[in-house]
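Have a look at these structures, which come just after this line.
Shared chain: subunit A. Partners: subunit B in the first complex, subunit C in the second.
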Partner chain A sequence: MLTVRNLRKYFRFKRGLLSTVQYIRAVDDVSFSVDRGVTLGVVGESGSGKTTLGLTVLRLLEPTSGEIVFNGVDVAKLSKKGLKSFRRSTGIVFQDPYSSLNPRMRVKEILERPLKIHGIGSGEASLDSVSGVLEDVGLGEEHLMRYPHELSGGQQQRVAIARAIILKPQLVVLDEPTSSLDVSVQAQILNLLLDLQYRYVLTYIFITHDLLTARHVSDVIMVMYLGKVVELSRAHELFLNPRHPYTATLLSSIPLPDPKLKTRKRMEVVGEPPSLLNLPKGCRFHQRCPYATDKCRLEEPGFTRVGDDHLVACHYAHELSFEGFTLW
Partner chain B sequence: MTRLLEDLRKKAYSVYRSEEVKLLIRHRRGVVGLALLTIIVFMALTADLIAPRRFDEVDTALRLQPPSLKHLFGTDHLGRDVFSRIVYGARIALWVGILVVLVEAGIGVTLGLISGYYSGFLDKVISAFTDMLWAFPPIILALAIVTILGPGLTNVVIAVAVVSWAPYARIVRAKTQSLVSREFVMAARAIGESDLSIMFRYILPNTLVSIIVLATLTIPSAILYTTALSFLGFGAQPPTPDWGAMLNEGKDYIFGAPWNSIFPGVFITLTALSFNLLGDALRDVLDPKLRLR
Partner chain C sequence: MPEKILEVQNLKVCYETGRGCVKAVDDVSLTIFEGEAFCLVGETGCGKSTLALSIPRLLPPNSRVLDGRILFKGKDLLRVDDSELQRIRGKEMAIVFQNPMTSLNPAYRVGYQVAEVPVTHLGMSWDKALTSAVNQLSKVGIPDAGIRARDYPHVYSGGMKQRSMIAMMTTCKPSLLIADEPTTALDVTIQAQILKLLHSLRVEYGLTLLLITHNFGIVAEVCDRVGVMYSGKIVEVGEVTEIFDNPLHPYTRGLIECVASRRGSKARLNQIPGSLPNPLNLPSGCRFHPRCPYTTYLCMKEEPTMTEATSNHSVACHNYKAVG
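So, the complex of A and B:
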């Protein structure tokens, strides 16, 4: 349903008047595809370009180059009119529910706007769909006339989800939808999202830095590092058999609530990720990778297929083994 | 004991519905401003009832009478009752002040929204224009415009508005820039809102508080500029009881009959002061982050 090819998003960056223009390569040559009803989990640390990717796929940011093919149409080339119908079949939910809702609009108006813009229903009919979708996300009519600040964080996120699904979209980008919520509320919201996906056959791009959440909701997981995809695989396969050292490190960093694992041998990396303005030559991970060789320092790795639907961007994908480490 | 007093105070305040009203009532200078303004507005609204005479009622037998019980603020060189003229003049001062602010806010807010929303070339042009205007001495520019348009109150309103919309454009631009990157604007775009709709439904309502505060703070200068132009003879024409025009007429008799110019002057000051005090209070209460200039 959605196929993204060689997507790039660079931000221009200029320090002084005379300095040369530099580019921040937030998303650099990313390709993937998602089928209908499937959840693609996008994981990576902050600055890895996951959010930029989500926004660019929905063309909320203009892509620098690449194709975004949605139901056979290249979204990157859509005119204003075409873009509007694309907007009708997509939705987005942001991390911070409060700042994603207009503080000066009541819940009713927030949810009616999408219907009005796309000319669906009027008066009674639109109020019916608003009430319906409000019920779907577990809120009631008593919330219709409230302003966002009169709702709790969880309720605000439910309103944001309701706004994203009221047009019965096919694709929804979820940008860390639970990260700013309380743990007990996180579970509720996750279950709500899974329930809605089942009922409306939604396709999700689920962006998160929380690996366990990603495993819980995703069918396929894409691991990003500094704007590049380093590993792409089915979710259970990725957790059983990670092939990229970065993925292995991430898995090894998951905190596990088990006191017996005190002696767990973690895989660790040194240092901070390099600046996006000053990317290293060769593999972007080589400075922090315990297995790096001269080849890694000079040559940027392409994808190696290591199994069905399992791609790894590492020169040594076939050779490395992370045995001996307790990964997670 | 202090705890108890604090509790009592809290209870007393809880009568008021919103936090803002509470704060405003606790703001002493704000209350003074509000009280002054109420008096002036009351004068303007009930001028027909409280003025003992019409503002243009001439009685040459009673020229330049000093203040007395019969003529509270004395009479002018045509024997008109100064108190009555002041009362009717409140209407003009308020009306003109509000009109100027509406026009200048209209210009400034529109330009500010556009330049804040579309960064890039359009923003550069509008910002440069705003800065240029800011560099001009406003009263000189207003004088030039009135000279071109010709005297009269409407033209004065236009002239003053045209020279003083810059603060609105600046503040709305800055606010817009900070709102554009907020997620609710992104979300609005994601559901297919048009640029115009985003500007008017999402951004403008969130800048309204700053605009209201700025409006109350610019009414005094609007009143001062218009009365200044009237004083110079460009504004209201006789026999309109414009305070600026009254100052002008009174200046010829300033030694013999100072009440002719003192009272209009005092009322111009009080009106400007009342809006200033109220505006400061509103700023403190509604938008503590906003600092003008």
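So, the complex of A and C:
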């Protein structure tokens, strides 16, 4: 349904007296495709470009280059008018529900807005779909006339989800939808998202830094590091058999809620990610990678296929096995 | 039996708000033994940070301690005078906060800020203190510490700032380190590095750790004993394996079950219905009863008190036998 090819998003900025133009390569040559009804989990640390990717796929940011093919149409080339119909079949939910809802609008107005913009229904009919979608997300008529600040964080996120799905979109980008919520509320929202996906056959791009959440909701997971995809695989397979050293260290870093695993032998990673302005040559992970060789320092790795639907951007994808470590 | 290093007895803390006095910590008692790592875990607004801040008396001005005692090595911190308190803070007891960006002073070099601690508390000369600051910084894993000590905090990454906070807080080898969500603002790989650092410092200095977190993964990884807080109360205290294998409070059980775990994917998570109670309008009886699957008439009427279920496991629930 959605195929992204060689997508790049560079941010240009000037610095210093001589105004040398520099580029931040936030998303650099990313390709993937998602089928209908599937969840693609995008994981990575801050600065890996996962949010930029989500925004660019919906063309909320203009891509620098690349193709975004949605139902056979290249969204990157759409005119303003074409974009409007694309917008109708997509939705987005952001991390912080409070700042993504207009504080001066009531819940009813927030939810009617997309209907108005797309000229769907009016009066009674639009009120029906608003009530319907509110019920879908587990809220009731009593919330219709409330302002966002009168709702709890979990309820605000439910409104944001309702707004994203009211037009019955096919693709929804969820950008850290549970990160700012409390644990007990996170579970409620994750369950809700899974229910909605099942009921409306939604396709999700689920962006998160929490690997356990990603594993829970995703069918396919894409691991990003400094703007690049380093590994792409079915969720189950990725956790069972990670092949990129970065994925392995990420898994190994998760604090697991089981005291018996406290002493597991982990794979540790040294140092911190380099600045996006000053990316290393060759593989972007080589400075922190315990297996790096001269080849990694010079040559940027392409993708190696290590199994069905399992791609790894590492020169040694076939050789490395991380035996001796209990990763997670 | 190891010595008690910190004993909180019947502590009550409230915040003055426009709409009345909100009790953030309500009659909490807690004992921490020397050398152990104790975790306080709970959701937003449960009072875990307020409890932690009240120990070194760092609560904001709109708060009031209504009642209770905080015995640190036998001294009641709520009643010691300011000069005594100054001596204890930073030297015998130290605190690391969630947000390292706001804990460091942006106007001073990092090395200077670390050196200030031994100058103040040990009467060290500035020359010596600056050298020891560099050592301390390299010990917590700041690369090229000699050069980086002359940097200002804004050029440091989040992980490095938290490392330098830890360096600062451990120069005087305190016996108690309070860490309030020390890794929440950091990425997972950096979080793992910081947790490892805390562990190695604990082993080296024999320090006692009071860690505040909302992450059950960190609890399992770091702690020896755990206290679970809900709505201003401690509802369960026990050894970490006990809490995970045999949670007795329905809230603890719910929290552990609703964390997306290593188990299969796309299954529904167990969820705790409802949301946290409004502190201005607390439910009657047990504060958890509107969300609890085990509620009985007694729970609505009477607040449960802490009961010892086994020698190292206490719980405040009327029906804990049915839960466990």
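Everything that follows uses one rule, which is that the second predicted complex is superposed on the first by the 326 of 328 C-alpha atoms of A that agree within 3 Å, B and C clash if a C-alpha of one lies under 4 Å from a C-alpha of the other, contacts with A are read in each partner's own complex, and residues count from 1 in each chain.
Simple rule for what comes next: a residue touches a chain if its C-beta (ideal position, glycine included) is under 8 Å from a C-beta of that chain, and two chains touch if they have at least 3 such contacts.
None of the values given here were measured: they were computed from a predicted structure.
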item	value
Combined model on subunit A: subunit C and subunit B, fit or clash	fit
Touching partner for A:Leu211 - first (subunit B), second (subunit C), both, neither	second
First, second, both or neither for A:Leu311, with subunit B first and subunit C second	neither
Subunit B versus subunit C as contact partner of A:Leu55, first or second or both or neither	first
Contacts of A:Arg113 with subunit B and subunit C, given as first, second, both or neither	first
Which superposed partner A:Ser253 touches (first subunit B, second subunit C, both, neither)	second
Which superposed partner A:Leu134 touches (first subunit B, second subunit C, both, neither)	neither
Dominant contact partner of subunit A by residue count, subunit C or subunit B	C
Touching partner for A:Cys283 - first (subunit B), second (subunit C), both, neither	neither
For subunit A as apex, the angle formed with subunit B and subunit C - C-alpha centres, to the nearest 10 degrees	80
Which of subunit B and subunit C A:Val183 touches, first, second, both or neither	second
Least Cα gap, in Å, left between subunit B and subunit C after the two complexes are fitted on chain A	7
Contact set on subunit B toward subunit A in their complex	182-184, 186-193, 197, 201-202, 205-206, 208
Subunit A to subunit B touching residues, read off their complex	55, 58, 60, 83-84, 87-88, 90-92, 94-96, 99-105, 113-114, 117-118, 160, 163-164, 167
Interfacial residue positions of subunit C with respect to subunit A in the complex	43-44, 143, 157, 159-160, 187-193, 195-196, 214-221, 240-241, 244, 254-256, 258-262, 265-266, 268-273, 275-276
List of subunit A residues in touch with subunit C within their complex	45-46, 152, 154-155, 182-188, 190-191, 194, 209-213, 215-219, 235-236, 249-250, 252-262, 266, 268-269, 271-272, 328
